[in-house]
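All chains are identified by letter, namely A, B, C, D and E, in their written order; residue positions are counted from 1 within each chain.
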Amino acid sequence: MEIMRVLGDLVCTQRIPGLQSASLRLLENNKGVRLVATDPVGVPPGKWVFTNVGSAARLAMPDVTVMTDLTICGIIDDWDA
Amino acid sequence: MEIMRVLGDLVCTQRIPGLQSASLRLLENNKGVRLVATDPVGVPPGKWVFTNVGSAARLAMPDVTVMTDLTICGIIDDWDA
Amino acid sequence: MEIMRVLGDLVCTQRIPGLQSASLRLLENNKGVRLVATDPVGVPPGKWVFTNVGSAARLAMPDVTVMTDLTICGIIDDWDA
Amino acid sequence: MEIMRVLGDLVCTQRIPGLQSASLRLLENNKGVRLVATDPVGVPPGKWVFTNVGSAARLAMPDVTVMTDLTICGIIDDWDA
Amino acid sequence: MEIMRVLGDLVCTQRIPGLQSASLRLLENNKGVRLVATDPVGVPPGKWVFTNVGSAARLAMPDVTVMTDLTICGIIDDWDA
């Protein structure tokens, strides 16, 4: 599971039906690259999280039919980047 | 889900039957690398999108039997690269 | 789908039974790294192609039991590297 | 399977139910990037291990319903980084 | 399929049951990174091989229940790195 930081919400009015109404967050990985993830935890901006990719990202969602490939799995309590 | 920019359509007359008649777009990722994606959304060139890879790319297509590994999942409304 | 260039055939007398008699091509990706792919299209050396990875690579083969993780999916007609 | 070094335990009070009560370790890969893995072996800090990613990470757990994408698979006895 | 060089055997007395008694080899990829792979071919050190990752790595093993994510698929006869 990769460690990333939550930047905020993603504004996106046009998306595939498979994403349903899942919350999308904008994350930044260790290389400074910004990515989009589904968030079943409800994480505020600024927090460090760890994420699942691939099929594990779907299985980590409460509804496994949400078509994501990156999902937030937990908040890291104490982290020094 | 990775964030990429749509460059335009891909011209390709010879392809495997598994891709069927899916629209193929040429994208550019954050490293400037160009990739080919299926596009169920219908995105005009210049737009920023986020994409699914792997099995999620197939499940994101209206027809899940299209043999892709990269699919556009939504358009980002407001994005400053 | 990644964009790569076909360098030629791969000479390989010893391989796992799961690859059967599939044609193997030597490709070069955008970083100059050489990779081995199965080729259901029949691509001559020098051509630019796009490829599927992972389970999509197997599903892109006429026979999905061929144990590959990289398959050529189409030839790009017009491409300026 | 990638080779990584175990840094220690991950402190994480808030996580998805799918991770259950699996032990989470903080690892460092060959690029100095820190990652989070499930640990069915019980590895002390400082040890070099090799890891599975993707669906293999779940299948490597005693309970395959634990929603991980990175699992420690073994300890390397003798390793010079 | 990635091209790598076999460095030798991996000494590992403690590993998950899912790896069974599979032979583990130490490989080096094109970036000089060392990885661990299962070897159904029986490759001597120094040889260049190509490998499958992900689910294809498991399917490439004679016994598909071996929990690997990297498997040697063939020896390249003639290779100039």
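What we mean here is this: contacts are C-beta pairs under 8 Å (C-beta built on N, C-alpha and C of every residue); 3 or more make two chains touch, one makes a residue touch a chain.
Owing to the predicted nature of the structure, the values given are computational and were not obtained by experimental measurement.
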Lowest number of touching-chain links that must be crossed from chain C to chain D: 2
Gap in Å, rounded to a whole number, between the CA centres of chain E and chain D: 20
Approximate Å spacing (C-alpha centroids) for the pair chain A, chain C: 32
Where chain D touches two or more other chains at once, by residue number: 54-55, 57
Chain contact topology (line, ring, star, complete or other): ring
Ring order of chains, beginning at chain D and proceeding to chain E: D, E, C, B, A
Contact set on chain C toward chain E in their complex: 10-16, 18-19, 33-37, 54-55, 57-58, 67-70
Partner chain B, residues of chain C touching it in the complex: 1-3, 30, 40-41, 50, 52-57, 59-60, 71, 73-78
